[in-house]
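Dropping a structure here in structure tokens format, bear with me for questions.
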Amino acid sequence: MSALNRNQMAWRAAQDLPDGGVVNLGLGMPVLVSNYMPADRDIFLQSENGILGVGPEAAPGKEDRNLVDAGSRRITLRDGASIVDSVNSFAMIRGGHIDVTILGAFEVASNGDLANWDSRVPNKGPLVGGAMDLAAGAKSTWALMQYNTRDGGPRLLEACTLPLTAPGCVDWIYTDIAVVQVTADGFVACELIEGISAEDLKARTGAPIAIAGDCKPLMAPALDED
Amino acid sequence: MSALNRNQMAWRAAQDLPDGGVVNLGLGMPVLVSNYMPADRDIFLQSENGILGVGPEAAPGKEDRNLVDAGSRRITLRDGASIVDSVNSFAMIRGGHIDVTILGAFEVASNGDLANWDSRVPNKGPLVGGAMDLAAGAKSTWALMQYNTRDGGPRLLEACTLPLTAPGCVDWIYTDIAVVQVTADGFVACELIEGISAEDLKARTGAPIAIAGDCKPLMAPALDED
Amino acid sequence: MAIDKRAASAVEGIGPVKDGAVIMFSGFGGAGFANVLQEALLEIGPREITLVSNSATHPYSLTHKLIEAGLVAKVIVSAARGRGRDLSPFEELWRDGKIELECVPQGTFSERIRAGGAGIPAFYTAAGYGTDLGAGKEVREFNGRPHILETAITGDLALIRGDRADRYGNVSFRYTQMNFGTAMATACTHTVAEVREAQENAIPHHEVQLPGVYVNSVVAVGGEA
Amino acid sequence: MAIDKRAASAVEGIGPVKDGAVIMFSGFGGAGFANVLQEALLEIGPREITLVSNSATHPYSLTHKLIEAGLVAKVIVSAARGRGRDLSPFEELWRDGKIELECVPQGTFSERIRAGGAGIPAFYTAAGYGTDLGAGKEVREFNGRPHILETAITGDLALIRGDRADRYGNVSFRYTQMNFGTAMATACTHTVAEVREAQENAIPHHEVQLPGVYVNSVVAVGGEA
């Protein structure tokens, strides 16, 4: 199959979420993951502004401007949800109580370093939000990202060139062409779309990357791009 | 008049509590202060186990074993009360949000050092509770204590002989024979019961003590001892 | 005298504000912005203020008006990026060196404010270690992991938004309206709560989310729940 | 699979406990002691445990039974004094050097546990400075005042008591029953909540005082409210 689109990438990451887990989805593409949660798993989505148990977006006319998620979307609560203040929300995040955070990324290094908050646009103000807290505090950090830049340059690197969000935090990388694990020995491709060879992948990667012995085809159902 | 009894001492301290203030009363004699709160002042009593707005003890048959104060008394709540957990209660105490704490004391030094938690009884376990937090955190610490030991020895000293609760914390001392302010220059008696001369007081004090120029008679209404 | 913290107006509730004041503003994503109080603050017009707010530029907040009016000397925030490619008024002032910026990870931001209210002058955290925002901070290893030292933030004035308050200053919030308001109220000398409804009768103890000890003044502004 | 944290028994809810475990017990003044869980722990019988509880000897708690049974190697407490002049079983063991004691100011005790659950390995506080309990600790001045460094406490197991819980592990408390339970639940690998009532249906969000993420198992014990 061809490269996954954004919805397919989100779908693929969603399939690996642990049953009963607490998951925080970063802004941008990661929020799409909430559309594809496996039906057989009971997962609580955490939002940095204090929600444990984010539900679907509110239906038109049913919105409450005081019930919003980290992306300012007007949402609903799921069954069993609770709400705390920002201090307690970040105590949850920083204290290691989030099983998985899925974050967007500009770059990931083979030691797990993540760069996702500052693309160095001149004179634009910084926006870090909760990214550093999530990357440092979650039990596991997954990056959801395009494998390459628009120009075809590598984003999986030996060392990040952009400012770090946190060192050594990324465990898994879900991309349009591969699912990559970050191990003590560096990148290992565990799933790869058909039609891409190991040599193709290595050429598109800015660091050594191994192909897992049991590397599987990366697949996703047909899902329209937004 | 003769030396104040415990209820009279508690009454005297209560007269100085600030209107609208938040006050924490230590175990023992300080709890008696709650019986004599001036009717014209709206005061919130804080209890270290998380109550802001302790009310009177519960009437017989109306007790709830889950509604207790720091002394394990089964109490009621006053109008406007709220309850938090121990972490937030001590954040309130340590963050400087208690206007006055009234604590019992074994000894007070002329620099404001307080010793009130460890009388060095051999082999008895220590019991510090919230005393150090209150003494270090309250805006103002008042000691409520007998002026002398049972043997007539001094308890207002140049330096405490017993283990400290906190250094330099005591502002006022309410006793059976005098009300004493702890100033940068040491002890100053501001009220003294009739019949005790400055020389008597100095003889009963283990540190230099000045008599305030406007020193008044220490008085209290007749109140039976418990 | 019976405690009654209900103020007749936002300006009265805020009271005088000195130049150079450190002022905290609650709010996240459209919930919990005390915009009536912010308008009043603009009217009071203190100069050279330090603005402590999660975002310097959130479109639903009026903090940007304070910035545009030139009242702000410094911002402490986790977000300072204007929407779109054009520079926001904040970004222009920042580019020109006319406003100081301290950018803080949001969890460190809220924890530093909580510390300010809880008598904790400093604490260690792993968040921000090894990043530009942690650069220059003291590093110390605990349990084999490096952490950085972060210090408390305290303020002169907190402007927060709740749903209901009572005359004792007890506040309850609607859904995610709490966010930074609860911590900011503990960390400032003077806290004003803008609420939909300010009631004479006490809020029941189990509905109080911010105890009255932390609130100096309550301003009712009405509106829908 | 739909989350359901309700356990059939206290022993099942607690599960296996290894020797040397650090175990936290909530409760203050008769409120919030998980005595059914404590009886079950006695039955499970782990040895050389560290007991983290406000009091080592509170008469309404059963922690003293664990001590008398010789299961406890160390206590971390703010109160360890038995009532009366005679020595309590704890005090006898302590005098004989058979049990280790760490006595901590109660606010430092709760803050250290909170830090353990919040990813803060250490913080500074003024409480305890200049006292025997602060002796030997690192001293550092902030804002002209000396503070001491205190480190986080984390545990393997928390046994807490609430009023109601739901199948998600959300807990609500009655009056002052919360005390240390909320923080202890955040600081331990495995948390069991003993409650009067464990319900199938979710507790409404605004009544949840301890979010289910912090609770692994819920044991209903009935009794009056």
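Points to keep in mind about this one:
Going in written order, the chains are labelled A, B, C and D, and every chain counts its residues from 1.
To be clear about the criterion, a contact is a pair of C-beta atoms (placed from the backbone, for glycine too) under 8 Å apart; a residue touches a chain by one contact, two chains touch by 3 or more.
Here the structure is a predicted model, which means the values were calculated and not measured.
If you compare A-C with A-D, the chain pair joined by more contacting C-beta pairs is A-C. Remark: chain B and chain D have CA centroids separated by 29 Å (rounded to whole angstrom). For this pair, chain A with chain D, the centres built from the Cα atoms lie 35 Å apart. Between chain A and chain B the centroid-to-centroid distance comes to 56 Å (mean Cα coordinates, whole Å). Of all residues in chain C, those that touch two or more other chains are 111, 114, 118-120, 125-127, 206. Along chain B, residues 83-84, 90-91, 94, 136-137 each make contact with two or more other chains. Chain contacts here follow an irregular pattern that is not a line, a ring, a star or a complete set.
Every pair of chains meeting the touch criterion is listed here: A-C, A-D, B-C, B-D, C-D. Those residues of chain A that touch chain D in the shared complex are 19-20, 22, 40-42, 44, 46, 52-53, 77, 79-84, 90-92, 94-97, 136-137.
Those residues of chain B that touch chain D in the shared complex are 47-51, 64-72, 83-87, 89-91, 93-94, 118, 121, 123-133, 136-137, 163-167. Residue ranges of chain D in contact with chain A, taken from their complex: 1-3, 114, 116-120, 166-168, 170, 186, 202, 205-206, 208, 211-214.
Against chain C, the residues of chain D that register as touching in their complex are 111, 115, 118-127, 140, 142-143, 145, 147, 151, 206-207. By the touch criterion stated above, chain D contacts chain B in their complex at residues 28-32, 54, 56-57, 78-82, 85, 87-88, 90-91, 94-95, 101, 103-108, 110-111, 113-114, 125-133, 163, 173-183, 209.
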